[in-house]
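In the two assemblies presented below, subunit A is common to both, partnered first by subunit B and then by subunit C.
Let's turn to the complex of A and B:
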């Protein structure tokens, strides 16, 4: 029985990656939930606008690196985040002005909005690839590790090691800070309150003097901030590749729906549930169980519920189960 | 008027016949994932055809016109269409190509076999071609991964690792290579703790690595490409799952060292390689012709093209059947050894009824249809450089 080794092993291979991944999903899912509750449609262009924002950040990073500006040991990309937010806010507002505003004016059905966002998705997708290509771009610099496996092993004297990459640590911290800030904004500020009022009842909000266009603009700005942060953190952690960002759409939606569409806290909880389920169900528990099992009872099988290839199937299964049995999600959100 | 037109077309037709132009297809993935290496491969093949044409000895003064077509490397139906067009509308008598395993297999089974046109692939390395029935139409100058699997298994064993974990890229190349490795490794008394496929172009490989780590093993064998395989290697090293890595030929390249970083240090791998006077002769020729000799599979491409021309010469006619029947004769012993740049001498010997053993840039030895013997370089990565250990 070596519970410490078991804990370290499971942290290294599953808990830390899942926690970082969940934080990235949470930021994305928050955007989906905000757009759904305020603009009232499922934003399919979410993954690709995230890629576009990240592409702008990468452009800014290269610009800064070329001039030797950096914040070593932190990655330069963090400095370029405001630039990315600026670009993406502009892009989303232009998209809103030329695409979504019209449908809002004619009070189109949500499904038409969804199709419009699908169109925006394809265009955004093309723009990103035009600038970045389809291959992988790595833009991480600065110190790569907070501590490596070897350092941890030497320090703790355990058999198992554990590594914590800077990108993972930055992801987790940033996500927590942003979540707290978002809740403070929604609950404490006038703009946040007007957003929630608009979300609850559009007509009542109009009557009480809330300017809907202003609410829409604020929503897009917040979405841009969330998307650029999520995309940059994901890219720092796992490398930038446009197609992977598109693929994030599924787990992000699964997270938002699981938590309850329109509920910010639901989006966060949903994101972590999806991330831990994806990693946990496809994780081979043999090594961990071997440490925990009494002498002579070590498992001979891999103790793996599903092969690694089925990661996306886990997300799909979660989505289907939630839609079948609890369409409002954990926190009683709206029904898609 | 009509008659005159007819007559003039007939005249033009007979004129082109008199010029006696033999067409050979160059079917490579000019678009798609390997588009960066195929232009150099085509250049090398066309260099061989040019050498043959300019000698003036080919079939009594005929010339070879290469016709390029795009195999796309991935899209089997596009490759088949391209091959059909080469054969039916361009009238090629043989094909130098295709390149990637999946399209090569599709072209062979659906086009070349029914048309009876021989093909020599410079780069398809899947073991599947060794066992596929090709009616003696398919040859390759790149050795099969079955051989590389056996050699790599021997290297791993020799270095004292008898318990390893294995991961491969999830396609024909990876699966075939992994099976070949597994077979040889188990036969030599080794144990493979876990065999996990990985996909290319994923963001995160910690789950795959986690599974391999759970199974354990003294070293990790990665049979993949720089992209996915490189990410697997980096992730495995950073998570402390493995310290020693063995890699296959798909991961050879300077980008691997750049993208993986310090974890790559001490990694051991194999790659088909050629050294000796044939290679030097090829390098000199390529440099003179402005062809990038150092690029992947250029030597194999030159050899494939030269073999087609020499086989036609040995047959005495540029017909698909004649070429197919003579490829093994010109490639193997007995006969006068022929190196790159000596194609004219080879043509002359064949014209006089003699025999040649085409060595080419890669010491070509064909083991029956569909298989080349090949030589491998075993390297170890030290201080960010590929250092040769020995040749197999």
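Let's turn to the complex of A and C:
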């Protein structure tokens, strides 16, 4: 029995990556939940707009790198994030002006909005691929590790090692800061409160003199910030490929629905549940169990419930179970 | 006769189809309480909405303090000093009581603290519950939040659409007392009520509508004493 080694092993291969992945999902799911509660539709273009924003950040990163501007040991991409936010805000506002605003004016049904966002998704997807191609782009630079497996092993004297990549650490810290800032904004500022009021009761918000178009613009700006951060952090962590970003749509929606659509805290909790479920079920537990099992009882199989390729099946199963048994989600959100 | 403070004068119109209001006139004097009563489907709420601009009128005028406001949107009328409490969905349920009041004062740029204190003095229970989500309160307390929210703009006219719908008789008396108190501060009150008898008791002016037209118009006391009104609308 070597519980310490088990803990280190499970942290290295499962807990830390899942925590980072969950943080990336949380930022995306927050955007979905905000758009759902304020613009009242499921934003299907979420994954692809995230890719577009990240592409802008990568462009900015290349521009900065070519001029030798960096913030070593931190990745240059962080310096390009404001540029990405600017580009994506512009893009989303243009999309809103030319696509969604019309449907708001004619008070279209939510499903029509969803279809419109599907159209935006395809166009955005095309634009991203036009600039970035379909292959993988790596744009992580600076110090790659906070500490490596070898350093950890030397320091702790354990058999198992643990590494903390800077992309993971940056992800977790940034996500926490952004979440706190978002909650502060929604609960403490006039603009944030007007957004919540609009989400609660549109007619009464109008009567109170809240300008809906202003609320809509603020929502898109916040969405752009969340998406660019989520996309950049995901890209630093795992590399940028447009198709992967499109695929993130499923876990992000699962997270938002699981937490309760319209509930920001729900989106965060849902994101971590989805991330840990995906990683936990596709993780090979053999090594960890070997450390924990009594002598002679070591497992002979990989102890992996599903191959890694099936991780989206886990998310899909969560989504189906939630929709069947508790469609309002953990925090009593709205039903899609 | 001098012009009333707020008057919907000979309003005719509806929601697009057939007219619901037929040359209907509703008015309220400064600091007085006017009550619109009548059978179901008489167009009571419609008349109120017409005064507030939530429904286009084909003919007639709405004048506030002598100014023609017929063409203004409801939001613009709020800025002119009209407060409106809808019958349902009249609060922000997930926001705290205090945030509800803050949102009521959204168009104000000056200090709102004093107004908020006045509302807490008027409805002391709201002070105790100010950090609680408004949606978690009882029906009567929610109505207080709704009225408080509308008062946050410091309106000169407060319009209430069935403020006592769905609350217990005790809470109803309590609400009516508060409404009298509000009127005493110089705010004109125009309200639609199902509980005709109790409402007419506190009314300076009563309007009995039938099929979108004025049937009887008099002081509250006179209407209560009128045998025709009693027989047809107050159940004897």
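Keep this in mind: the second predicted complex is superposed on the first by the 336 of 336 C-alpha atoms of A that agree within 3 Å, B and C clash if a C-alpha of one lies under 4 Å from a C-alpha of the other, contacts with A are read in each partner's own complex, and residues count from 1 in each chain.
Just so we're on the same page, a residue touches a chain if its C-beta (ideal position, glycine included) is under 8 Å from a C-beta of that chain, and two chains touch if they have at least 3 such contacts.
Since this is a predicted model, take the numbers as computed values, not measurements.
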Exercise. Who does A:13 touch here: subunit B (first), subunit C (second), both, or neither?
Worked result: first
For this session: Would you check which partner chain A:46 touches, where first means subunit B only, second means subunit C only, and both and neither mean what they say?
Result: neither
Exercise. Should A:165 be classified as contacting the first partner (subunit B), the second (subunit C), both, or neither?
Worked result: first
For this session: Quick one: name whichever of subunit B and subunit C touches more residues of subunit A.
Result: B
Exercise. Can A:279 be said to touch subunit B (first), subunit C (second), both, or neither?
Worked result: first
For this session: Give one of first, second, both or neither to describe whether A:197 is in contact with subunit B, with subunit C, with both, or with none.
Result: second
Problem set entry | In the complex with subunit C, residue positions of subunit A that touch it | 190, 193-194, 196-197, 199-201, 203-210
Seminar exercise, completed: Note: in the complex, subunit A contacts subunit B through residues 12-14, 17, 21, 136, 138, 145, 148-150, 153, 160-163, 165, 234, 237-239, 241, 243-244, 279, 282-288, 302-304, 308-309, 311
Exercise. Which part of subunit C faces subunit A closely enough to touch in the complex?
Worked result: 74-75, 78-79, 84, 86, 89-95, 99, 102-104, 106-107, 149
Seminar exercise, completed: In the complex, subunit B touches subunit A at residues 170, 194, 196-197, 199, 201-204, 206-211, 213-216, 227, 231, 238-241, 259
